[in-house]
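Each structure below appears as structure tokens.
In the two assemblies presented below, chain A is common to both, partnered first by chain B and then by chain C.
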Partner chain A sequence: MAERNLEQLEKIREAVSQDLLSGRIELLLGWEKGHYWWQSRPLFASSEGDLARLTWDSFCAVNLSRYLLDELKDHQKVGVLVKGCDSRAFNRLLQDNMVQRDRVILYGLPCPGILDYNLLAAEAGSKLKGITEENGQVILKTEDGEIEVNRDEMLMVKCSECLYPDPVVYDQMLLEPLGQKEVPERFKAVNELEALSSEERFAYWEKELSRCLRCYACRQACPYCSCRECFVEQENPRWQGRAYQPSENFLFHLVRAYHGAGRCIDCGECQRACPVNIPLQELNRKLIKDINELYGDYEAGVDAEKEPPLLTYRPDDPAAFSEK
Partner chain B sequence: MKKMIAADELAKLWIRLAEKSTLFLPVQDGPTVLYQPWKDGAQVELEAFNSAISPKDIFLPREETYLHYHCSGQSLELAAVEDDRAVTAFGIHPCDLKAIEMLDRVFMEQEPADSLYQKRREKTTVVALSCTKPDPFCFCGIFDVDPLDAPGADVMAHLVDGYMHLEARTEKGKALLEEAGDLLENSTIDKIEREIKTTDFGLDIKGLPEDLKSRFDDPAWDELYKSCLSCGVCTYVCPTCYCFDVEDYGHDAEGERFRCWDSCMFGHFTQMAGGHNPRPSRKERVRQRFMHKLQYYPEVYNEIACVGCGRCLRSCPVNLDIVQAIKALGGEKVEHR
Partner chain C sequence: MPRTGVFICHCGTNIAGTVDIEKAVEASRNFPGVVHADDYRYLCSEMGQDLIKKAIEDNKLERVVVGTCSPRMHEGTFRKAAAEAGLNPYLLEVANIREHCSWVHKDIEEGTPKAIALLRAAVAKAVLNESLDAPELEVEKRALVIGGGIAGIQAAIDIAEAGYEVDVVEREPSIGGRMAQLEKTFPTLDCSACILTPKMVEAAQHPNINLITYSEVEEVKGFVGQFDVKIRQKARSVDPVKCTGCGVCYEKCPAKASSEFEMGLSKRKAIYVPFPQAVPNVPVIDRDACLYFRKGRCQICEKECPPQAIVYDQKDEFIERRYGTIIVATGFDQMSPSQYGEYGYGQHPDILTGLEFERLFNASGPTGGKVVRLSDGKPPKKVVFVQCVGSRDKARGMNYCSKICCMYTAKQAVLLKEKVPDAKSYVFYIDVRTAGKGYEEFQRRAAEEYDVAYLRGQVGKIFPEGDHLVVHGVDSLSGKIIEIKADMVVLAAASIARADAPDLGRIVGINSDSYHFFNEAHPKLKPVETHTAGIFIAGACQAPKDIPDTVAQASAAAVKAVGLLSKDFLKGEACTAEVNQAECSGCMYCEAVCPYSAINPVEIEERYHGGTLKRTVAEVNPALCQGCGSCTVICRSGSVNLKGFSNEQILAEVDAICLQR
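Showing the complex of A and B:
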């Protein structure tokens, strides 16, 4: 990780520190290392000293675009490092009128996908001390020696069906683009769930959602959940109760998913944020698939000029519910 | 009383204990390990570190119904919901048991005691289990937790060479071992020796609670909160967080009243009628949570409200955890700064 990206990191730091020093931006949203080599956390850099902590490696999972909602209140101009998904998140916020394009400088970082520590640790067997990467392989350094694994198999679920590793919107591309990615079987988990009977599917979701703590991490990490007041917190009328009943679990997750229909950029931050590993991305991916089938191919957040299908009306739109 | 049972015979012990009590064990639920009532066929993961949510769920359930109401015309009927069935909490690690003892002080040592909590605590027999291979997030050492011993346990258990050794330390614990007497043999070990290495992150927490007394307006708070997403993950996975809310489920004529977990990280946690919110932004909320752990709780109970279980280090989506907070507040050894 660090070894592979040292050169890239220098390039990134040089570009952003120029802009920070010249006043082109007042704040840079990036990543710094956490306590562990497999954790990179958000960095809010407003000085050269802060930038010394900047990192760019295979663990920069956190989508930084969402922080613009708060940081643009305090700063006139903010720079953000964006991966492919983060750039689509920016477009999402732009389309929702939550950010202003001219107050943000986007620095593009093509991303080969974020590695999942749990997968790496499981593969390692014994204690995993670190990794290096080369030519699409990850070399695990374990207590019992080195193990080589295919990088694509170690990706987080959130990255498993990524079609856009390169940022789709940016002011400055800082690294060499990777090109559009091939996904062997898109909607794999969705297809498997669709093959079940509706009873089986209900039982599946009832069980998965039974772990939900209603901590709302999925919502808080999500770039399409940018409502100033969520229906969950509304008091009058009160939509969402706090009981841990299946009906309340379904209410929250299904309303949220439908709210994201045609707007979800499939960044998978919801699933990554979930402390009890509920496969939330499958709900969102099902809606992406349905939207594509009903209204023609549409990838949310790829083109900020293209209206989301459910925010427009065409006389020939399918009306499946009214047809018998 | 010291007994033992072969590890591959443990299923028999679960069956026995579940006959007369609700038996909580760390079981695999999908991709996570959670303390749940044991059912036949459950995949028990005694050596999993650490369960996704702490076993505080057994004593302070995320949801607890305590009242049924029924209205008709001018009459209102109320019925208490009571569950007298005994509980066995099995496989509780020393850090988590220490955290439960911290909750005891809040719920039982104050007047009046919290009757719901007290009842659960009293009807539960705790079988603590010493740690074998803690995960990289464990940092209990700095909070004086001994991973090999949980002083407050009714039964202290150890997994050694294919056997589980069980030592009864209280009357409740003795009763539990007698209940399963025919399944157990006399233990052959006297003392458990095992080296458990956990990290300390270079933290030095000595004097921190006292120091923080005058640092409510410390500039460190202006930076620390920035990455916080305002979700409730840290509070819900944390073994020493105990805030709750009370709500009704049902409709005007009939329903139930329950209490459930609440989180100080939510914006509406302190929202008052009329709209005023004394903790209006993430800064005040993050400060509240860490001050509660590091200053308010210790001020009353002489102990930092953290046991180093590492759950916030593992689960916070943006890695804003208590170690980061302690470091930001200067609780680091000089050579690590």
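Showing the complex of A and C:
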């Protein structure tokens, strides 16, 4: 692990342990190392001992804000480490009335992007044993020696296209902000899909969605999915058939995407969580793009005070169906 | 499974022509739950209704499905019949096999299976219907009229005469509206003020009428019977109780501004009444023009006012009142012809619109009643009238006919001849439209006795040359190019909706057509109703119209309003939304989209891990809910359901159509 990360980790640990010990927060949501070195999983820390396991590295992908849905039931005051995307997820929950702002302390962590293990492993060729990072480079340690690669090229897709590496809402910023960064064209894949004929597009999604296992990991990871009972599990009426067939897969993904219209913060957690690599972000981005085109630019989760376009009415809202 | 009866109407040949009724009856017998099926030539007739009632009793029917016309037409009729037979009216379901089926198909082979599918869906829904009760709602016995023109005045007088209180909100300092700006009225040439002023005074003095002038409606909440309205009464800067209307203030006032009432052709003072017969006769200070408000000194009106009625620090005030019904009568505007560059409007003082020209005839108008050229004060000898400026113009204006221009042009040509006997008028027209009692006769008289030349054709260009305005036109009957050296040109500019009509529509909750005129509920049978219960429209805010039509419509709207106010209670909406609070996650998006403010957050307690947990969920107030269903659409978890249109019922209908082809 890089020196910089250890230094940062100490800074983070110092700040949150103070709050945890003084009782300012009852629980801290952070990350700890998982079973493999390339995994960092959520940490639920309520003691100094728990905090010893805290980690902050290039694999802290899991969006922690969503865990507030459960944790606020059991704890009066919860602290959360938030990257840019976690902070926007928090705004999503705040706007959806799912969390109370005064019961949460947000610790801001500017995030240079999460590394994609699959990319690293592919680059490594032989067995990858670990990495270190230096000056924007990742050094892959393999059985055959070391390979140096450009860090930016090893990022998760969702991170390479991230518009907000710095938290947009926080109580305390723990590290130096990184500032806005240049991103490649975000709607590139959507544009390409839009250019297809409807038959081609249907065939594309039929193929992609045919892999869906309906494990609902996308939903579980998603900050906009906060229903107490998801429509797919409702019995009466039973919206979602249990059968494992394309039309049921379509129903699930399309209805879920519509539920995110104007609400999806484009954090990409759905796609990351998907065990069969369905490009779910493109469904969400299609709706983001449509809403931007119809109602003007709107970035969900950036400003909790800004009214969501589908919940507001303005006289100049487009009404293509009723215009002469 | 509830015992269900199906009744299919032939509607003469309307349905029977494209639906095999016998087949449909046979098919209906096999739907789950159906124990009785029958047909009749006209189910809506008394005999037809009796057939249903008898079958309900004989067969102990618990649900009824009628396959007829649109529920908008006769749902009420059949529900009433079901209720008379002892069934809750909401257990009856209409399958629309006329508008949705027989009328859109020509082929009986296509129409029949579709009718059967629609009936099957209606039965599937009906078996899930539940008995519903409509809440009773009190009626506030007071009406609000928005707009104090002739329409608003007439409606207010009629309502007041029927014995109900009525408030009239007028934006301008005086009531009177457009009619007050007119000199004479066609086709009888009555002096407009002579017939309008008594009505204005009657409205002002009527014990049941409360005039709220210089005010605007800012917010309307609630529903039929109980509209809660917020009215902004703009600061007049004059105490209406102290003011005697002596007029010293505006005589002495040194500041001037363009007069709205005179269409900008002359100036008024900063403190002013819009016209001499204004009601109420209480001046207003135009704070944008007043020297004291602009520069902090002057105060001449305050010094000169005998009863000391000037109140500079008066503030806008808000009136919040409840009304049982609302009539919208906000009138029209005249389109500015400046977009028609070839007519030169705005480039020359002698090119006027119809309403501007009208003011030249008026004794208190900008020229003191002398018809003269505004450029040099000489009486015009040749006047060219151009019709349809902005009307009947698909390319650059409005598609519709403004209706009043043909007649007021004939009137103005006649009046011109009386004022300037040696004047000659030319009228360029597309068609002369004079439908109305005495209208055609009047127009013919103008053409024949008052030397008005009617030229069928359009004007291509108007430009000044020396003392004159050269009018280039084409006489399309003779095909000749016509050039007239005119002294004055009058453009019959289109009547258009008020610029802020869409805003008012949104506040009040009524919709407009693509020209922003307010929509009536039915073009023939509900001409003064709107799609919002309890809100009526009258006058030119609905479409361009003349004074007789406006007055007739105003009285019609008043009757509708009075009919409503005469009831103590109204039946509310039975099909209201309800929240499954166990499922509701409390995001309150439903509250955000509810147009009736019928949804509120409430806190509930829930058992959680042996203890209790407080959380926020949505709750519907059934008295306010109008059953529009917006909340059910926005709710992602389907926790809001609309009674009578529940998710289960709609899915049952969809399944009935899709699963059994």
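In this section, the second predicted complex is superposed on the first by the 315 of 324 C-alpha atoms of A that agree within 3 Å, B and C clash if a C-alpha of one lies under 4 Å from a C-alpha of the other, contacts with A are read in each partner's own complex, and residues count from 1 in each chain.
In the analysis below, contacts are C-beta pairs under 8 Å (C-beta built on N, C-alpha and C of every residue); 3 or more make two chains touch, one makes a residue touch a chain.
Worth saying up front: this structure is predicted, and the values here are computed from it rather than measured.
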Would you check which partner chain A:96 touches, where first means chain B only, second means chain C only, and both and neither mean what they say? second
In this superposition, the partner of chain A with more touched residues, chain B or chain C, is B
Based on the superposed arrangement, let me know which partner A:236 touches: chain B (first), chain C (second), both, or neither? second
In the overlay, answer first, second, both or neither for which of chain B and chain C A:215 touches. first
If you stack the two complexes on chain A, which partner ends up touching A:272: first (chain B), second (chain C), both, or neither? first
Considering only the touch criterion stated at the top, classify A:35 as touching first (chain B), second (chain C), both, or neither. first
Does the superposition put A:204 against chain B (first), chain C (second), both, or neither? neither
For A:259, decide between first (touching chain B), second (touching chain C), both and neither. second
What is the shared patch of chain A, the residues that chain B and chain C both contact? none
Please name which positions on chain B make contact with chain A in the complex. 29-32, 34, 52-53, 62-63, 136, 201, 223, 226-227, 229-233, 235-237, 245, 247, 249, 258, 260-261, 263, 266-268, 282, 313, 315, 317-321, 323-324
Contact set on chain A toward chain C in their complex: 73-74, 96-98, 226-231, 234, 236-237, 239, 259, 310-312, 315, 323-324
Which of the residues in chain A come into contact with chain B in the complex? 34-36, 39, 41-42, 44, 62, 66-67, 70, 207-208, 211, 213-217, 219-221, 233, 241-245, 269, 272-273, 275-277
Contacting residues of chain C [partner chain A, same complex]: 502-503, 506, 514, 582-589, 592-593, 608-609, 613, 616, 634, 636-638, 647-648, 651
